[in-house]
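What follows is a group of structures, each given as structure tokens.
Each of the two complexes below includes chain A, the first together with chain B, the second together with chain C.
Moving on, here comes the complex of A and B:
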């Protein structure tokens, strides 16, 4: 276990600023997720920590030791790749034991460590199989085993669930949580899936254009997004944004108001401080129903109680939970 | 009532597969009919009166040619593989002008083997070839090394060496392309994972590149060894005094007008090719199994 600190970290590819002045501390034993859209620099940050890319500017510290110029294997980190990067010609056992073989561990020690990893990841009985004979979830577990068997200070996971189907992804999420509780290694996880980031992490850092926009616990980021991008990126369905001038109790054209679907109610009769709209389609997700309401030129989503039903095209009034309102400066996009 | 399974007669099966048969039978006929004719004559000549297949073994000319061809194959095949691997590694990484470099490396294959052999012959001819001129100090940019010109084709070592040089140079693009195709199937992330685990360049090559490249290496070894066993043009032009089996077969058939001995010689050649193919397949499989052990 170790603390990872990134200080003014930059990575430029020619003119392109892939990572732009990042400051971040990942505490000892913490599960931190870098989340953001494709091309935001999260994988590059991970590769910089791994030593697979050279730092342009700034520093990477593991337990206060500057590791910028250390080769990857001297950083005591392990990495799981999006494609798993298993060796296709090696059995499960050989894949997991590869790092130990390179470290020239004696046979008995190697056998017991590989056995520990097989047991931890519930891979017993599959030792002699080749990666092509495994399911996606099993391959994923082999990649995790190969990384964990080396007892790294820091475990780096680069979108490890993105190649799995939705059902398996959910199962692997639980599995990852269980693993983290058991091994207590510092984990830096990269994903573009905000649901994954919210459910797995102790803390998450939202990235865009090579910068970290906000870092905090999932509830902090969800409940108090510091800018428009974070507010819109975290949460599903996404936060609704309405111009302040159409909301009676805001009446400010410089303000953009954000409200989450679960913080809206509707009324069939006009009520004070409500905004008029017209009901549109209803989406049913089984446990939740979402109603889309046309307000001015925007489409606002709101969560309905299971017993609530509404016809399409009806005039309704949207009632805001004022405590849950997010106000953003239209020009800067920052929270006010 | 369980439904009765319909039983098809052979005629019905043939009718169902008429299209597949229609397109595959001509291919098989083309391949096997010719093969059967060749094998028939080889066997006919080899096992004719006096059993040439056995009697040729006591001929010194055959034994010498066999030994020469064996060495030609044994040294030439790994040499072609090594050159193929080095060139493939050179053009594997993407850099500015990689396509042009790859195309340049393909030039030797576009030149007819006979032309290459004749040019090498001219370069190394005695006493006025370019190589002798160069080593005798006739070109100002190169120091004088030889007092007297060297007769390269006068010794077995040099003339077979020149034939091998020509063969390796001319066929290097084939090995390069096969190895390059093999290299391109290896995921780069595997190397990165190994690098993080502490594997150095040699270990990455030994445990990842080499085993994953064994199918390509095996293909190169088998194809090149077959080619080397039956090589004709380069030794015919550059080492006429020291015939390999291919040249000997031609000599027995055309010059000595002895199709029986030529047939026996060719049959032995086919048997040696078969044995070498088996050996290289076994060898590459064994090496791969050793490399992927935990």
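Moving on, here comes the complex of A and C:
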């Protein structure tokens, strides 16, 4: 277990700044998620920590030890690839024991560790199978076991759930959380799925264009997004953005107002500080219903209480929860 | 029905030449020296193994066979030693001019062998290459011919093995050498086996280069030996027996290597 610190970390591919001046500290035992759209540099950051890419500028420290120039196999880290990268000619047992074999562990010790991993990941009985004889979820667990059994200082996970179907993905998400509670390894997790980031992490870092826009606990980032991108990226359905001038108590055309669907209410009669709109379609997700409201030329989504019903095409007034309002500067996109 | 007939025709076309070869090789020599007095029977005439017996005690034949085997194996070794790392580097590292390089590798095959052989033989007869034993010289010549194919085949093999696997093994603590030996090699073997078979066949079969390099010496490969035999107009059944014997090592080698040629070896690696 260890603390990872990135200091002014840069990785350029020719002219492309894949990772652009990142400063980040991952505390000992923390589950940190790098989240962002594809091409934002999150996977490259992970590969830099793993030693699979050469650092252009800056430093990577594990427990205050600079590891920039160490080859991957000397860093005492483990990584699970998006593709799992199981060795196809080796059994589950051999796959999990691969790293231990290199460490030249004696037989009994190795066997007990592999057994521990098999048990932890509920893979007992599959020891002699080859990767091609496993289901997607099982492969994913073998890949995790192979990484965990080495007791790495840091465990790197590169979109480990993205190849699973929706149902399995949810189950493995819970599984991962349980696992982290149990082994308490420092984990750096990469995903483009904000829901994964929100549910799994102790802290998350939102990335875009090679930079970290905001890092904080999931609730910090959700409740106080520091810029327009983060505000729009985290949360589902996404935050609504309205120009300040149409909102009676803001009246500022340089401000963009953000409000989450659950922080809106509607009223059929005019009330002070409300914004007029017309009800449009209703979407039902079973537990939650969402109403879309046409406000000037924008479509605003709001969450309805289960008992609330409204017809299409009705004139309504949107009531804002003023404490949950987010104001952003239109020109810079920063929170004000 | 049509399919069955077509299959029968194809099988006939494949089997018939071999049958003729086989028939002559085991026919009694009397059937051939009748001088056309009797029509040649379709089936082997008085079948016996005399031709094979007489061939297998001929020192010059056995020696040529040994030379051919030596040349074949040396060519395979040269091609794999040179070709496999080249192909690996070409697939895994971005090297400027890879396309041009691949084209030049093939360039020797752009000329007919009979044109390419003169400059090659010219170099081989000069020092320092002329100090090498003829068997090595022929192997080198065959390497020139087979190497581009070996590289192309090996390149295809490495492209089919996901890079993730090597990176993964390094992250798990393997050095580059270890991951090459334990991950890459076992997965590449089937494809490299194909390259080896192709290389061996090419060398076993090759005549022009071998002839130019060997024609003055005593060592000959089997194709060159066959030509020497032909110059004293031997009987058909003698040549047929030689030809048939020439097939045997090829068949053995192919079967030996085929064990490694399993498909779908990388299944289950990714996703």
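Some observations on this one:
By our rule, the second predicted complex is superposed on the first by the 336 of 336 C-alpha atoms of A that agree within 3 Å, B and C clash if a C-alpha of one lies under 4 Å from a C-alpha of the other, contacts with A are read in each partner's own complex, and residues count from 1 in each chain.
Throughout what follows, a residue touches a chain if its C-beta (ideal position, glycine included) is under 8 Å from a C-beta of that chain, and two chains touch if they have at least 3 such contacts.
From a predicted model like this one, the values you see are computed outputs, not experimental measurements.
With chain A as the common reference, the superposed partners chain B and chain C clash. After overlaying the two complexes on the shared chain, residue contacts for A:110 are found with chain B alone; chain C is out of touch.
By the document's definition of touching, of the two partners only chain B reaches A:94; chain C does not.
Of the two partner chains placed around the shared chain by superposition, neither chain B nor chain C is touched by A:35.
Residue contacts after overlaying the shared chain place A:19 against neither chain B nor chain C. Contact with both chain B and chain C is seen for A:77 once the two complexes are overlaid on the shared chain.
Contact with both chain B and chain C is seen for A:50 once the two complexes are overlaid on the shared chain. Residue overlap on chain A between its contacts with chain B in one complex and with chain C in the other: 50-52, 71-73, 77-79, 81, 83, 85-89, 98-99, 102-103, 146, 150.
The touching residues of chain C, counted against chain A in their complex, run 162, 164-165, 167-175, 178, 183, 186-187, 264-271. Of all the residues in chain A, the ones that touch chain C in their complex are 50-52, 71-73, 77-79, 81, 83-89, 98-99, 102-103, 130-134, 136, 139, 146-147, 150, 156, 163. Within the complex, the chain A residues that touch chain B are 50-52, 71-73, 77-79, 81, 83, 85-91, 93-94, 97-99, 101-103, 110, 114, 146, 150.
The touching residues of chain B, counted against chain A in their complex, run 187, 189-190, 192-199, 203, 207-208, 211-212, 288, 292-294.
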